[in-house]
């Protein structure tokens, strides 16, 4: 038995690409309720009200939607060095950069599917402007509550032609723990839910339905956390009125037991509002392995899994024009 | 046994007086989340997102805070005439006016304590501007969700030197049903919770501690409804961050079982965010009579009733300067 | 303009028929959390914790599932007489009986589709045994909280070959108010949501898909109220673990805005746990009329309406064996 | 900068002492909703529905109430050895035992204040009996939902004459992270909130008001987790009806932002139902230090901290007869 790895702490931020940056920005500020923390080049840095770090989302203009990179913070400088060595040993490293707005030197690498990641340790702590100063000193920012009012980035679900290969890399080189997985009757692993903490999932790989013919490194969705299930129900109400395309109305996942709401942001990326997953306290947790038949039963309350959930990712491979793959529900403009 | 009276439908709106109209207006729009529907003279007409009528609050500049008038809508033109006749019979009528913004001819009267009321039947129905148009046609307005995001005016609690006399007027002349009351060991009635519908209370009289020496017609509080208890907890979080003076943090009333949150708006009036009261379906409901000892036990979960709840009303009689009687919690400005 | 009728107060109870009385009883006690108040003949009388009347459900053994009768309480003895006269005038009366357990003389009649109803005024008030005595005197019963822990019967949705004819009878002879309706492109009325109070619906007629070939007087569902949406989410969790067939997982209706959870009780009847509908305070409420296209858009958050919702009722007309039309989710016995 | 310690995973269970074992057992099963997993000697082993381990509470008969021991599970056999060495180096070790029901060899030690702890790695995984088998394989037990229906043990708050000394031991020898603390104007540390994970607190030390004259190793409270704030409000309702002495009605802590409900179990120990604390993802989290003045402002929404919260612990030092220090709210027996 090898000792568990405790070198990486959490996803500090993710970079989302959008071909419609103005619309996407309005979505994340007005409807997700995030604050603009910084602008630089083609990017806007956005934060949920509960993030200690300056931002959890880097929104960047690009020809196609998808995931730019995922940035993971290490537990310590030494821990960072250990993980960099492991990644280099796997032949997937791409080298150091000086860092970006809000954090220090970062080591860049790609997972086997080609998604770009960064590791760093030095991270600025958010200092709110006066108007966003909270009343209680253990809260990073005043809770303004606009739209869904997301608290912090929660997890990333990325697509891979070979889930097992990427899952092995994440667990062996990065130290992720594999809490749940789906293994099809064919023996192919089609989903892996992994975490660096007691949170039920922080990094998820699911099978890219387009397989090896798809462009590599596609995104399934990014998810943001809210504190209560009521906030998710409320978000659905607000999204309906604001013409946000809802892909999956609020319900409960079987895997990890989380409450979900899936929508498309104007750039065409699927984003989730989530809460309520269970915690994994067992240091010797046995991976929960779901069979094809078990997955076919649907979500926790029997809701069938939405079909597009299996077929849609960004960038798109269907040849559809850019933007959300399902039509908006109405013609009402966001306020 | 006399037949029940079914002539009045509900409180259509209430007029609140404030010596600090700009601050009060900002409170009701930014922190209670109401929309400005109209401005006229020294008044601003404000609405919760769930009100079918154009507004539920008329906010009027005045030298002292307190209640301007309470406007009750009748079930029909004939029902209106019957109630007017009954009030005139009691010698408390003041005559007809042409109406006000959003409603037709109104009959004015005063309760025995001197609070001014109006009765009318003709009421405009709210027509939202495009930006506030809801997605679903059975909802009057888009749910924007700003601050507490109150849905509609719920009830008025007014003070009276003689609760019993006012309660008798309300039940006998207006047709209110007395659902719950407090009778002190002395036999004096110190509180009466009344309704025109299955809602647990729409008009409440409680004893004015200053008795006959107080100016008549004082206000204890006006209350606005939200759909869930979670919204009340959330409102408390938002109010703390926005420097709103909280008089009573979220908890549950014994009387009527409602969840409450009491704060002071900048004009000095106590206002409540409420939800969750029980419904009274029994057409022969026996009034629940609480004794002095039972009331002394506190609220539903044993919370002691806040002392200022018994002593403070508007206009104030203590000689304190105008404004909220308790200090704000911090110096953070509202956004 | 005719004056509104205010003669009937609410559905005091409903009688549900079941071919599997032991299983149905265990469902309503263990999983809906109701208390057995009385047993008599082939019937068990059951109550939710918040009902002032002794019971809201009379569960009766019968060869086929379905609705036995719906009992409506009048506002007064005089009001009762007025409604009886109106029903007799419509030629649908069936005469008086001495009453049943818990209530006084009742007048029996059938709606145009043949559903049996009773009207009465005299109603016993529930007196809890010591073990169920509540702490607060304005609550009828200790809140024990078992399973879904339903509070009270909320509404009945019954099927009719001719919705319009039944809706006219209910509004004109009984005094129901028509709050919302569905009118198909053909001009046929396929749904009518009616109430005696500010509650959004108490009696609903929807079109029996089998039309005139179906046996008359079928049931779509009975619904019970809980106070919060969280209780509905929790009920879904409990029902999954208890092998209750879930037809529609928790979500929000477009019509009336209520949160729902639809399941089948072991007798084969559809039952709902509901909360959160809006209130109709407008005494001159204009009926909200939904078109076929609007209904096709699904529920409030875009959930598609479950197909069996349109095709299944009790008694069944498909020739299937008695019992729930959809298989239970697992083989775990109820505790 | 030293590297963070990641050797201990979580509090696997705690042992609570009670002089009234039958009453305490009925409380934890009927009102907290726990299951009896095992009985042995003078102890009953109880579990919340969400615990992967067989039990989280060992309830043991004893002359006086208080805490028996706190059992912490290590991340690995090697991690266990490292912590044992550190504790032995601090001179507080007491040696190995063969383990107890449900877990393997355990190393016993005392904190500077004298509280007994155990460390172990080998832990049985719960296998539910058929009646408690859950529907979903990633849930350890069917969610039966009885009373508060606690999910798992969350944290222990223990009293110490010298908080700083105990906090130093916990952080330096055990590897706890200090997330928040209270430092009085005198410089004395009066509270320390520590964790082994992103959970806001798992082990809390607060100052024993009786100082060095008190018996050592007293308990402030044990806390159990539920998933939602609504469950805490519901628990308060159920506890009121069940005559449970409520010390602090539901509200929100300033420290760690958790929702709380404090009651006394029949043995006289304070127990909490909790949820909603924030998570600490920052690996370099700077301890939030609260001043005396800040603490005097009360809880998050301004609720004053309950006086007995500062003065009461178990075993009692006031000479009062054993049992809850505040009277029950009524005479209604638990079902």
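The first chain written gets the first letter, and so on, giving A, B, C and D; residue counts start at 1 in each chain.
Throughout what follows, contacts are C-beta pairs under 8 Å (C-beta built on N, C-alpha and C of every residue); 3 or more make two chains touch, one makes a residue touch a chain.
In this text, all values refer to a predicted model and were calculated from it rather than measured experimentally.
Shared contact partners of chain C and chain D, listed by label, are A, B. Across the two candidate interfaces, A-D and B-D, the one carrying more C-beta contacts is A-D. For this pair, chain B with chain D, the centres built from the Cα atoms lie 43 Å apart.
Between the CA-based centres of chain A and chain D the separation comes to 33 Å, rounded to the whole angstrom. Contacts with at least two other chains are made by residues 136, 228-230, 237, 240, 300, 329 of chain A. Taken together, the chain B residues at the contact with chain C in this complex read 1, 3-4, 6, 9-10, 50, 52-53, 73-79, 123, 125, 136-139, 152, 180, 197-199, 227-230, 254-257, 276, 278-279, 281-286, 288, 290, 294, 300.
By the touch criterion stated above, chain D contacts chain C in their complex at residues 130-131, 133-136, 142-147, 228, 230-231, 234, 237-238, 240-241, 243, 329-330, 332-333, 335. On chain A, the positions that touch chain C within their shared complex are 229-230, 233, 236-237, 240, 246, 249-252, 259, 297, 299-303, 329.
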